[in-house]
Structure formats: C-alpha cells, structure tokens
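One structure, pasted below without further comment.
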Amino acid sequence: MYSLEELVNRLGGELVGDGKVVVRRVATLDQAGEGDLSFLANPRYVSKLKSSQAAAVIVGPGARDLLTDRPRIVAPDPYLHFARVAQFFNPPEPAVPGIHPTAAVSVAIPASVSVAAGVVIEAGARIGEDVVIGAGSYIGRNCAVGRGTRISPRVSIYADCVIGQDCLIHSGAVIGSDGFGFAREKSGAWVKIPQVGRVVIGDEVEIGANTTIDRGALDDTWIGKGVKIDNQIQIGHNVRIGDYTAIAGCVGIAGSTVIGARCMVGGQAGIIGHLHIADDVVISAGTLVTKSINKAGVYTANLPVQGHADWVKNFAHLRHLDALVDRIRALEQRLEEKSSN
Amino acid sequence: MYSLEELVNRLGGELVGDGKVVVRRVATLDQAGEGDLSFLANPRYVSKLKSSQAAAVIVGPGARDLLTDRPRIVAPDPYLHFARVAQFFNPPEPAVPGIHPTAAVSVAIPASVSVAAGVVIEAGARIGEDVVIGAGSYIGRNCAVGRGTRISPRVSIYADCVIGQDCLIHSGAVIGSDGFGFAREKSGAWVKIPQVGRVVIGDEVEIGANTTIDRGALDDTWIGKGVKIDNQIQIGHNVRIGDYTAIAGCVGIAGSTVIGARCMVGGQAGIIGHLHIADDVVISAGTLVTKSINKAGVYTANLPVQGHADWVKNFAHLRHLDALVDRIRALEQRLEEKSSN
Amino acid sequence: MYSLEELVNRLGGELVGDGKVVVRRVATLDQAGEGDLSFLANPRYVSKLKSSQAAAVIVGPGARDLLTDRPRIVAPDPYLHFARVAQFFNPPEPAVPGIHPTAAVSVAIPASVSVAAGVVIEAGARIGEDVVIGAGSYIGRNCAVGRGTRISPRVSIYADCVIGQDCLIHSGAVIGSDGFGFAREKSGAWVKIPQVGRVVIGDEVEIGANTTIDRGALDDTWIGKGVKIDNQIQIGHNVRIGDYTAIAGCVGIAGSTVIGARCMVGGQAGIIGHLHIADDVVISAGTLVTKSINKAGVYTANLPVQGHADWVKNFAHLRHLDALVDRIRALEQRLEEKSSN
C-alpha cells in the first residue's frame, strides 16, 4: 500500500493531482476499482480511461489532461512505467532456502539456494547464489546455473549446459536435448551424429513453458543476454540469437540459423536452417522465412482469411498462376501486334 | 460382456435382429471379430460394413436394412451412440485412493483422492473428492481442483489456478505459466510485466499433452465449460474460450483473444492477439486468423500443395501480383481506348 | 585418442597422408585445432577446408587432392563417415545399473537396467536389458520397453504402449496420451470416445523433446523401424509411419494418416487426417498437406517472404484472384471478338 507520492519518489514520473491517494495494486482500466492504479498505453482505450473506476492512472504526456477528476502519474512511456510499478507491487514470490528431503542433489550448493521436492541435480553441476529450482526439475551433469535464476517445476536441463544469471525458465522447458542430426545410409537408414555441443544462455533470459532448445552438434547453441522466448518454441542445434531478441509462442527455428539483436519474431513464425537474420528485424506472425534477411525492417508472408467458399474460388487459381501469367503475356502480345498492324 | 438387449435397455437405440447376441468390446469394422460390436458412421465405409466380421453393428436409420445377416442397433447418430457404448465398455481406470509415500502434500485432502508417487501439492491448494493426480504432477499454492478431475502424470499447475470438475488433463500440460508480457526500454531491453492473473477452467474440460495455458497478466485467462483442447496447443494470457469449443493440435492463440462458444479450430491454425471470434465459427487447419470474425461460418486460408517444380513456377508470381494486376488494368485500358476510337 | 591408421582400420575409408597423426575429437572446420578431426561434406565450404586448423579431415573422392598439406580420410559419403567416427569418439554416456531409492518400481527389472531418481514404473511393465530410464520418467501399466532403449528425464509413457529396442526418447516426450476423439451432441457438448488403442514403436526410433504421440482410438498408432522424430511434434491417434521416415521439428500429423517409408517431412509442416502419403515423399518446411500424395517426389506449399509494404500490396489481391481471372477471360473474349470481326 503506497501513496502516489511514494511511488513517484521511488519510480519517477510526474505526479498530477492528489499525491496522498493510496493504491494497493495494479489493474486494467476495465477491472480497476478503489485502491487500484491503472494505465493508459494505447490511445484507442481513451473511452475506457474515462469510464474506469481506477483510483489513479499512469498516462503519457498526450493524455496528461484528459482526466482532471483523478490523480495521475505522467511518464514518457506509460506502459514501461506501468511495468516498473507492477514489478514494485508484485515482487517474485520469496522462496525458502534449503533442499527438500525428496530431492537428489549430488553437489554442494549455496545455503541461499532453494531446491524443491523431487529435484535432481547431477554431479559436477554449479548452482549460483539465490537460485530457485522448482519441484521435479532436472539439472544434468556439469551444468552451470547463474546467480538469481529461477527454474519452475518440471524443467529439464541436459548435461554441460550453461544458464546465465537472473533467468526465468518455465515449466516443461527442455534445454540441451539432442539436435536433429543424422547421416543417411544408402538403405535409407539414419546414422546418428552425436550431439556434443552445449546450450549457453546469457543473463536475464526468459524461456517459456514447454519450449525446447537443442544442444549444438559440435559447437554450441547460443542465446544472448535479455532474450525473451515464449512457450512451445523449438530452437534447433547451433542456433545463435542476439541480445534482447523476443520470440513469440510456437515459433520454430531450424539448425545453425543466426538471428541478430533486438529482433521480434511473431507467433507461429518459422525460420529454416543455416540463415542469417540481421539486427532489428521484425517477422510477422505465421511467416516462414526461407531466405536470409540482411536489412532491418518488417517482413511478412501470410494469407488473408476468407469465408471457405470464397477461399475455394480464389485459391484454386494459385495452382495455375504461371499459366495465368502466360495468358496475360499472350494478351499483351496480341494487342501489341494489333497496334503495330 | 453384454447382450445387445442389455445394451439397448441401458443406452437406447432400436434393436434389429437377435438381441441375445453377446458382445465384449468395441472395434473398427476392419478389426472386429467374434464378440465385437462395431459401427458405421460414415456412409463411405458401407463396403467395410459388408465385409466386417463384427458380431453386431451400430448403424444410422439409412443403413438399417443394408445388412440382414447380423443384429444391429439403429440410432439417429450412430457415432454418438458408439461413443456412449464405448464409454460403457471402457470406464476410466479406477484409481486407488491415498497418498503415495513419495508425494509431498502440504494440505489436507479428501480420503477419496488418489495422489501418485512424486506428486507435489503446495500450501493452500483445495482438492475435490475423487480427484486423481498422476505421478510427478505439481499443484501450486492456492490452486483449486474440482471433484472428479483426473490429472495425468507430469502436469504442472502454477499457483492460484482454478480447475473445474470432471476435467481430464494430459501429461506435460502446463497451466498458469507467465504470459508473454514485456515493456521495452529505449535500449531494446525488456522489462517484465508481472503476470498476476489466474487461469480459470470450467467443468468437463479436456486438455491435451504438452499444451500450455498462460495465466492472465492482470485479469484471468478463462476456459469455458466442456471445452476440448488437443495436444501441443499454446493459449496466451487473458484469452477467453467459450463453452464447448474444440481446438485441434498445435494451435496457437495469442493474448487477449476472445473465442466464442461451440467453435472448432483446426490443427496448426493460429489466431493473433486481441481478436474476437464469434460463436459457431469453424477455422480450417493451418489458417492464421489476423482479423476478428463476427459471423458463424467456415473460414480458411491455406495453400494448395504442389510438386516442388510447379510450386516454384507458380508461386514466384506472388511476389509480383500487384504488378500483374497493373498489367491487366493496362490491357483493359488499351482495349477500351481501341474500342472508343 | 586414436591415430588415423587405427581409425581407418576400424571404420574404413582410404587414408591419404601421415597415418601416425593422432586425433582426439571431431570438430567443425571453423573450430578445429590441434588434435581435431574435421570433415568436408558440402563443396560450398571448400574455402573453410583450406583455412581450417584441423589436424586431419574426412573428405569425399572429389576433394581428395584439394589439400596436400594435411592427412585425410577419403570416403564415398564423407558426412556418413563422419557420423560413424563421431559415434566412435562419443559413445553414449554409460549409465549406472540399479534402481535409485526414490524411484517407485512395481515390477522386477533386469540387473543391467538403470532407473534414476523419481522414476515410476507401474505394474505389469516389461523392461528389457540395458534400458536406461532418466529421472522423473513415468512408465505406465503393462508397457514394454525393448533392450538398450534410453529414456531421458521426464518422459511419460502411458499404459500398454510398446517401445522397441535401441530407441532414444528425449525429455518431455509423451507417448500414449489420448487421441482427440469426441462425438458431438445436438447441444454442442462433446462425448469422449475412450481411446483404447496403444502406441507401438519399432526399433532404433528417436523421439524428440516435448513430442507427443497419441494412442489409437480402437486400433494402434504405429511408428516403424528407424523412424526419427524431432522435437515438438504432434502425432495423432492411429497414425502409421513407415520405416526410416524422418520428421523435423514442430510438425503436426492428424489422426489416421498413413505415411510411407523413407519420407522426409520438413519443419512446421502439417498433414491433415485420413490421408495416405507414399514412400519416399519429401514435404517442404511449412507445407500443409491436405490431400493424399501417391507418388514419390518433393511437395511444397509455402509463401515467399517480402518486406511488409510489398506484402500488403501484393497479397491483398489474393482475396480477389477469382475476379482477376474473370477480367483476364473477359479481355481474351473481347480480343477474340475483335479478331473475328
């Protein structure tokens, strides 16, 4: 429970209105009531701002004077300011240090570490201060987990992988599974290429639920600092992802592709193997990237949705687009011939 | 082992032929032999009906007299009738009540509950009568699990989530992981928005293996009654899904999208964030929905598959479709000019 | 540590140059240094061959004499030869036989089997010699796991499933979860079809991290010998996959589809239900297959990626492709009429 004055003193922003007003939590404009601090980040929702019951709001400079009946915090980027306030109101759940009796821990770990029920930590693993490891998670031989990293229940980290500091890894994530590497015999049978590289993950990385990151074949798979990876993502062996890149749910990135810094990859997008994607590239949802992208910008390849009957009518022509272009060319030639006659 | 008479007495349908015939299990027309009850739901398979060795069959009114050599149960919807008979022959495996000694259970639970090896149930969780929790599953703080719900091995349910009655959750599912919410600093670094909403799941919901459902950012993620969700599905924060909607495998639904009741979403379809999908909408497999859909009906956007050489020839033109349309317009104008001359 | 002579004696290939040279591990051309054996499989990388610090290299007959300063092993298929050498240098980690005290094992198992912490093996399961079961994995009632199969941590295998010999199953995989089968009542409510078939998996199959394979509805789901399945793949009930087929990450295969032998399915491809795919079919990444494929060959349906503005301009026309074809037809008719006048 903080007064707006206290919040502004700690986290910045310009206070407009009664600074003695006390707020207890953050809430959306729709849901906010007494004691709630809300925010307006998208000008589309101005009408919600007016009808909201929020005790106070965070707004951008442009919305500073839209409301005069309620105290507000004005910040250059109200969504970013809201993020900081929300973190302030909702610190991570404190974990109880110590090792649960049902855990199987083969190494010495700092007293500040919390190891939940059923966790397995194999020999040679190095666990940093203040690490939290959730129930049933598996940390393989010789792994390193950096200070302050939180691992949710039921995560698997295979041998030799390196996780940075202050990471957050969600339930069901698998880090360091074998890459998909096989050579083919004449018979069609596959001979496995042992996958002996590691996964090396930088600091402040978040990895979503049931995401998988394969270890390198010979060299390492590498995830840069501050990368944010959503749920259900597959990252193949020897992929390299630059700092602060964010990847939305259900994306697949095939082996040996290198992605630059500060990229944003939309949900269900895919990137085939052995490509280079430049820094600051944005890939739209559902787009399959089949060629390297050498320049920052937004790239897209997805289809307009139609009613099924319209789709049948329109998309049948895609099978004959080349013939259609031939017909246009023929028309042009005939018209040309006519004109020159 | 039941006679057809007994089955019809219990589950309905019209008996045609010898009601004393005894059946022991359900089987496909292809595989059925002595003692097997099969069904014909799709008229395409009439030839299989004739060659089948099934002792008896469930058919629709139209197929009532296709066979006269075998007893049959006639029902208006033979597939639905088969479902009920199959449930009757295959009740869920009875679970042994009690708590396995390797489980770590921090709350009192009803004597009828079955808690398998390695399960973790955190403080404050409320577990209903007859709940079954499979090996290695994790139930977070203050969760509620409704009466009769069955949780398979290795499921994670994060703190504060609510699961209805008579649900079935498959292995590897993760419920209540953080939504993908970050604000961006000018440097490109991401500031996490704490995800403090819950996941609230209605009664009779089935959730497939390795499916992930994120908790809400501020408000809740919400799944209606009787919703059926297949494997490998990602449901983002603050999504709302109406009653009886069914979603096939590998679908991704981005944050804050609202889906109506009784919708059907085909496999590998995607729906981007902040959309509204009306009731009774059917989305075809592989379709990425990028706009709200306000009317019931079938919606599609996917591509015809071709041999690779044909695909190269045809699809290269997609990069120049606008220029192609310009060429058609130019032809039309020239022809118009010629005509008016 | 082996001399090239020893390697050639054991694994074949033609030795060119000093056979006394000793190598300790395999490495990429880029990373290789003293004591490293590398390989050139793709002629594109000839320049890397020349600059590499590798002590020795595996090359194909065409590259036999590209380097004369370094010893080399010449093999008809250098990548395949490299695979065999890499396996020789990197045998699977030996597992310690025995049952960890925190495992819950309800059956007798051979002394050669390794059962890690937190494993659950239910009654009736049959575990072959030399099987390795990683921490926290679950083996359901009456499952069979063949000799030499390695199961990573946190795998779930539901009751009655059969796994062949010498398989490798990665973390988070779920085998034998219920297929997605429901009949619909008039109200829209779904009635579950009990899924009573099994999953039957042949020898030498590899299954990737967080992949899911559903059990059959009535008959079995079936995976042939030597099939390689990458991460995050969904295989529906009653699918059948022929020997030596390889499937890349994030693929979805819907129920009852039959795939031939030696097929290759690219990443994020999808195959809808009830189709037949012939032997030796290659499906490109991102391709959704909606019709059966009866002939070997490469099949593709994906879109060219464009800058967003170009995409908007070009793809808007897809909604009106049929009208566009009508305009071309009209032009042809008018020109025809003009000509015949």
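Letters A, B and C mark the chains as written, and numbering starts fresh at 1 in each.
The definition used in the following text is that a contact is a pair of C-beta atoms (placed from the backbone, for glycine too) under 8 Å apart; a residue touches a chain by one contact, two chains touch by 3 or more.
Everything quoted here is computed from the prediction, not taken from an experiment.
Novice: For the two copies subunit C and subunit B, is the contact made of the same residues on each side, with over half of the numbers shared, or of different residues?
Specialist: different
Novice: Can you work out the rotation angle that lays subunit A over subunit C using Cα coordinates, in steps of 5 degrees?
Specialist: Rotation angle, to the nearest 5: 120 degrees.
Novice: Would you kindly tell me how far, in whole Å, the mean C-alpha position of subunit C lies from that of subunit B?
Specialist: Roughly 25 Å, centre to centre.
Novice: Any chance you could list the residues of subunit B touching two or more other chains?
Specialist: 102, 118, 136, 154, 172, 210, 232, 250, 302-304, 306, 315-316, 318, 324, 328, 331, 335, 338
Novice: Subunit A touches which residues of subunit C in the complex?
Specialist: 26-28, 30-31, 77, 79-80, 82-84, 86-87, 89-90, 93, 100, 102, 116-118, 134-136, 152-154, 168, 170-172, 204, 206, 208-210, 226, 228, 230-232, 243-244, 246, 248-250, 261-262, 266-268, 285-286, 302-308, 311-312, 315-316, 318-322, 324-325, 328, 331-332, 335, 338-339
Novice: Could you pull out which subunit B residues touch subunit A in their complex?
Specialist: 102, 104, 118, 120, 136, 138, 154, 156, 158-159, 172, 174, 177-178, 180, 182-185, 187-194, 196, 210, 212, 214, 218-219, 232, 234, 236, 250, 252, 254, 270, 272, 283-284, 287-291, 293, 297-304, 306, 310, 313-318, 324, 327-328, 331, 334-335, 338
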